[in-house]
Amino acid sequence: MQLSNAERAEVLIHALPYIQQYYNKIIVVKYGGNAMINDELRRDVMGDIVLLSLIGIKVVLVHGGGPEITDMLKKTGKKSEFVNGLRVTDAETVDIAQMVLAGKINKSLINLIQSTGGRAIGLCGLDGGMITARQLDPALGFVGEITEVNTEPITDLLEKGYIPVISTIGRDDEGNVYNINADTAAARIAGKLRAESLITMTDIAGILRDRDDPASLISKMNVSDAPQLMREGVISGGMIPKVECCIEAIRRGVGKVFIIDGRIPHAILIETLTDEGIGTMLV
Amino acid sequence: MQLSNAERAEVLIHALPYIQQYYNKIIVVKYGGNAMINDELRRDVMGDIVLLSLIGIKVVLVHGGGPEITDMLKKTGKKSEFVNGLRVTDAETVDIAQMVLAGKINKSLINLIQSTGGRAIGLCGLDGGMITARQLDPALGFVGEITEVNTEPITDLLEKGYIPVISTIGRDDEGNVYNINADTAAARIAGKLRAESLITMTDIAGILRDRDDPASLISKMNVSDAPQLMREGVISGGMIPKVECCIEAIRRGVGKVFIIDGRIPHAILIETLTDEGIGTMLV
Amino acid sequence: MQLSNAERAEVLIHALPYIQQYYNKIIVVKYGGNAMINDELRRDVMGDIVLLSLIGIKVVLVHGGGPEITDMLKKTGKKSEFVNGLRVTDAETVDIAQMVLAGKINKSLINLIQSTGGRAIGLCGLDGGMITARQLDPALGFVGEITEVNTEPITDLLEKGYIPVISTIGRDDEGNVYNINADTAAARIAGKLRAESLITMTDIAGILRDRDDPASLISKMNVSDAPQLMREGVISGGMIPKVECCIEAIRRGVGKVFIIDGRIPHAILIETLTDEGIGTMLV
Amino acid sequence: MQLSNAERAEVLIHALPYIQQYYNKIIVVKYGGNAMINDELRRDVMGDIVLLSLIGIKVVLVHGGGPEITDMLKKTGKKSEFVNGLRVTDAETVDIAQMVLAGKINKSLINLIQSTGGRAIGLCGLDGGMITARQLDPALGFVGEITEVNTEPITDLLEKGYIPVISTIGRDDEGNVYNINADTAAARIAGKLRAESLITMTDIAGILRDRDDPASLISKMNVSDAPQLMREGVISGGMIPKVECCIEAIRRGVGKVFIIDGRIPHAILIETLTDEGIGTMLV
Amino acid sequence: MQLSNAERAEVLIHALPYIQQYYNKIIVVKYGGNAMINDELRRDVMGDIVLLSLIGIKVVLVHGGGPEITDMLKKTGKKSEFVNGLRVTDAETVDIAQMVLAGKINKSLINLIQSTGGRAIGLCGLDGGMITARQLDPALGFVGEITEVNTEPITDLLEKGYIPVISTIGRDDEGNVYNINADTAAARIAGKLRAESLITMTDIAGILRDRDDPASLISKMNVSDAPQLMREGVISGGMIPKVECCIEAIRRGVGKVFIIDGRIPHAILIETLTDEGIGTMLV
Amino acid sequence: MQLSNAERAEVLIHALPYIQQYYNKIIVVKYGGNAMINDELRRDVMGDIVLLSLIGIKVVLVHGGGPEITDMLKKTGKKSEFVNGLRVTDAETVDIAQMVLAGKINKSLINLIQSTGGRAIGLCGLDGGMITARQLDPALGFVGEITEVNTEPITDLLEKGYIPVISTIGRDDEGNVYNINADTAAARIAGKLRAESLITMTDIAGILRDRDDPASLISKMNVSDAPQLMREGVISGGMIPKVECCIEAIRRGVGKVFIIDGRIPHAILIETLTDEGIGTMLV
């Protein structure tokens, strides 16, 4: 793209009303999937987040990490059991999950943000007692569901000017550690923070009426339409729990929820600072 | 200009290092001439300033207003005397100057900034005792030179989140009011504020080696080269006092001083948030 | 008056309970008419205000300026149309009104306060989006009625220790500027600030039962008595809208409202710091 | 004195420059002698102090109490020994001194200030470890000289808006209690606080060249003139240690020191808020 | 007691949950009787209070002083009248009570706290207008009952890190001074402060079912059981008003009230930082 | 140990002077070795730290983790190369080190502190750009030496009331990650924080003159004696770099440095809150 600086200035000035709309508000970004694995995309996403943070938006980053946990389990020769197709998370597995999430992925995101000129501190749900959880299902072991979110560590870091980067590990009062689904955690955190918006980055183009036709994107969807779309199979498979998390977030007070395509470079900037949404907005 | 939103995002992300460089720093903009008279340009300039202010830069706007003062003198039938080609500013004239600067131009800029979503408060040198002055030359009447600048009213407004818009009227301890040259005042204010940069908007393309060749623009000029350039006539006429003010600003501690072409739309944004300077930078 | 210093101390100590009563409270002073035109009275009023401000009272000064606007219209040769005896305020007229109020009168009051050792900053209704207005009557042009008062710029200045001096110009969301009646604006501002008192300075002795007998002054008047006094003609002419503004102020939460005679030197001090009211108090 | 309210206002406005001069500065008042014993004078002095405090001056009151200590010693039948004409302060005596100063005089001053509408808290040198002392002379028992003043308790109270009222009792690190000369303590406290002025109230008219001629008052005295005046006997007897304390205060950084006649009603107000000093000013 | 340092550490670590429970909470200690007269016990109690204060508990100390007032009355030869067995408090008596409480006992406690490394400031009910009172019974003279407690002086001192030590003297709006029962005052102050607990130190072992059998201690008592226990004579004599004060404190919002045996060394520490209560807890 | 509560109180009160000495000061604890691997000791150490933090001491915990890194390398089948007996840290190794330190050990310490009622947040040197490092030796790969410590993230967390728990991973400006020796990092961090003390926990009894005789413990050692003791072989092997770090800490401004035996339960409490040091103190 060859642009004169005049054109560049033109673009910046067009972002003004969008900046004003989010000024001093909280945006929670749920980050995972391919957008996280691809090095260049990851660099782009961190750049977007640093930019939003610099122009006065309070960004909270919640990340997942399924594939990297699987890799590490393989490397350590750990065999997983499955119950109804779901992996059983025994003590050793949750230990590795915690290590990969809070020690590897989280810190590599921190490293990227710092390299881009931002200021970030990593948190997992154990830090400052942020996420309290309980066992979801005894058959699944240390898979947790959230019983309470304490956002004080998050707001303390925001107040001091840091971008909080969150791994979704939780603990119960006995000190047991649980792996928590990152979509659910992001929704709960966004709700408790009364975030202006929750942006969920996925590996698909948003919700498509016809899976094979990108032009059939549903760009705005009312929460009340979800059940019908699920019945019709438009929302199906792995998208169902994602959409349910989004609905939960809205129910808990988040202003707007976006499911966007993380494979598009600077998808977050396009969504927040231009006039065209990409992906699907739930209201 | 037809740009995809991806391209727009690309532009925004390129502004990141420039935003970081000015983050939480003070920029003083001296605003006058045609850029102020042309309605569309004026709207652009105020937009630029609101944008800079939103992304965490502390902008202080100092404006002139010669032509509008002349208009009002004409309207009121006031005849001006001249000494050595300079207009004598008698009591009635300084009264009108004050009224036009602080009551008309200043407030119309405030109005535009508020309409663009910014927050601005107007100050003249009388407010909070900001500018103390004395008579420059008895033959010229109430034309003043600055003896002291009190930046407290400016920093108080910046701290409360307002963009200070300043009319360059001053007073002495007896309460006499003086008209002050806006370039000089901007330089003094920028110096006292230890501003990161002073941007002087003019009606020319910057300092040109050959007046008729825009390509001969001197984009970076060392303060020590000024005398030579004046002797050569490269800097001449009305540009001489402007350059002297710029040099004064640097001497008083301003980081960088820019003379930019106010007729170019979004000249301020181009200068601060892109990689190419326009006009001449003095260091 | 020849007083020993002992007698002077005696006077000061008698002011103690009055100072205590207003300590840290807000007093809005509506200032206009002859008290504003006469140089010596103006100096006195500003002295009173600086004194009140120094002894811990938060003073907000709202000024009018009808006669000076008329003068300037004359000077510029502007002919005014009249509808039902009311001057039509076209674009040029409101421009001149703004210029005279915010650029001349306001700044000359600031100048006087600074000369007396006070600290003041001038505001008009455009600054910080303080007064939002709409057209009162299409036939009258840019005469506005207030739709909303944002007192943040006022309280921001009070907090920083300045005396806010206010010109009653307003704007609508399109940026149109309106001239606003100063009595109304003072009442609305005092109400929104929950001021302890509103002092309206006029050119008469207060409300007199018998216009020709100063001894017939009604020193305390209940709001509920106003309709009867209007029917009887005791309150008549220009006093009617003034009294209506005062009633509005009380209805909006101002503690006490005073209509005092601005022609009496130090009328404000006498009213606030001695045991005898002058003029009429509405409760 | 029969004054119109206009005249009263006139007096108030004349105090303006004096108020400005002391605004937000610290004045230490050393209070003792007859001005403290006479009920009406005491009420006057407390009124003066409340007034000064209300108009933004930070007043610190240091009191003595010799005569009342003597009374209590008599009442309890305690016989005093004398060494070279100085009373020996044994354990029982210092106990009674502490009780009378901190429990009786101090609290009765607090009571008066509160009744006049001020806010005061009493301190003795033990509170917050304010005054550390050591034995002055073994022959005199528990008479102390100050080794260190900790002004934190004073500034903490000033910051919270209280008038600190101080009894000059001190302690050493072993917890022994000493009676401290109030003039000395006031000088040391004023010095450590970098007070604007120290006002010492006495029972005489100031320093007189001719003891019998009030007209011979030395209204301004340079510190360097003191030795000569002592040699000449102009400063003699009980005035010598008082003057030495004053000199000490100036040496430790107090701006101005006044020795004033506490028998004159409102002497403090006259000294601080009018144009005529009473008593002697040391510079 | 011969303990290794390992055992000492063990003890400290056992206090952890108790420290956590009281962290940043307010405890009001009512202190009087023999625990105050015995020098060693007094030193112990002050040590306990400094320790509690250092580990983050906000301690407020309210003291009595009956026996020392009686001593001083004797010393000064003051004869007391009695009405129904109660001492009549005439002007001279209340003067001595004030002097002994605020000038002697209070300051000696301050002295001890400072010597133990704490930071304390003494207050009586006159300071900062803390206790407003009225005459309880004309026949008893200056014995007061509390009409209002202003806890601002207490919270101001707590905020600045001081331990407030309070003598229970009060005043009415005319400036009359009253002696106030210390148990009642402590209950009222604790209630207004919403204290976590009120600890009343007495000379007995707590409430005993059988006065002669320490083993019959009622360690926890419900407020609703009090009337029955009074009827049975278990609570009798001087204990009745003490228990009534405790009930009043609970009614006014104090969490827990303890009546403990002040003769036991470190009774306060044992009560607050170990697992065994001593004395009687009212809930 | 059977202790009465009276004896427990006695112990607590004896800790008072030690608490006072460290009040509001910073203590850096370097934690590693067996004290970290043994579950019960680990629980004890975290208890000690929570207690210190509750009683007003600012504790910063720096941990190591060599053995657990070795375990994980084994588990993942990673073979290590050695150069001169030192393990070469290739990219994969530093990745695992980061994961184990910041994701496993750090978070398990956080978990324990939270379970004990403390509030902790984990940091590694990447968070907030805390530790900047460079390659120590190309032959060793990603083993780093510290070039700069930014303590802002630490003091930000302390200010918000958290116990910072630190993994000693660093980064350079290109974003390369380095494993940093924990002893060195603790010394540098303590120095930059101007800590009151640095406590290094080891697996030995301190510095012994005769390795086989615990009674030969050198309880206090002057920094200047170190070279001689090294020559004599009293300080040898792994103790040499530890002692060098301690000396570095003192050189950089830490008050006192302790090498204590982490195998003794509550060694930290014994060292800080009792009269007997354990281990060796360097001054």
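A, B, C, D, E and F are the chain letters, set down in written order, and residue numbers restart from 1 in every chain.
One rule holds for everything that comes next: a residue touches a chain if its C-beta (ideal position, glycine included) is under 8 Å from a C-beta of that chain, and two chains touch if they have at least 3 such contacts.
Remember, predicted model here, so these are calculated numbers, not experimental data.
The chains in contact with subunit A as well as with subunit F do not exist; no chain meets both. Think of it this way: of C-D, E-F or D-E, only one pair shares over half of the A-F contact pairs by residue number, and it is D-E.
Taking each chain's centre as the average of its CA atoms, subunit C and subunit E sit 56 Å apart. Distance from the subunit A centre to the subunit B centre is 45 Å, each centre being the mean of its Cα atoms.
Separating the centre of subunit B from that of subunit C, both taken as means of CA atoms, is a distance of 35 Å. With touch defined as above, subunit E holds no residue shared between interfaces to two or more other chains. If the chains shown are joined wherever they touch, the resulting network closes on itself as one ring, and no chain has more or fewer than two partners. Remark: ring traversal beginning at subunit C, heading first to subunit D, gives the chain order C, D, E, F, A, B.
Within the complex formed with subunit E, the subunit D residues making contact are 72, 75-77, 95, 98-104, 106-107, 110-112, 114-115, 119-124, 126-129, 153, 156, 160, 162, 169, 171, 173-175, 177. Residues 1, 3, 5-17, 19-20, 23, 44, 47-48, 50-51, 54-56, 116-117, 264-266, 269-270, 273-276, 278 of subunit E are the ones that touch subunit F when the two sit in their complex.
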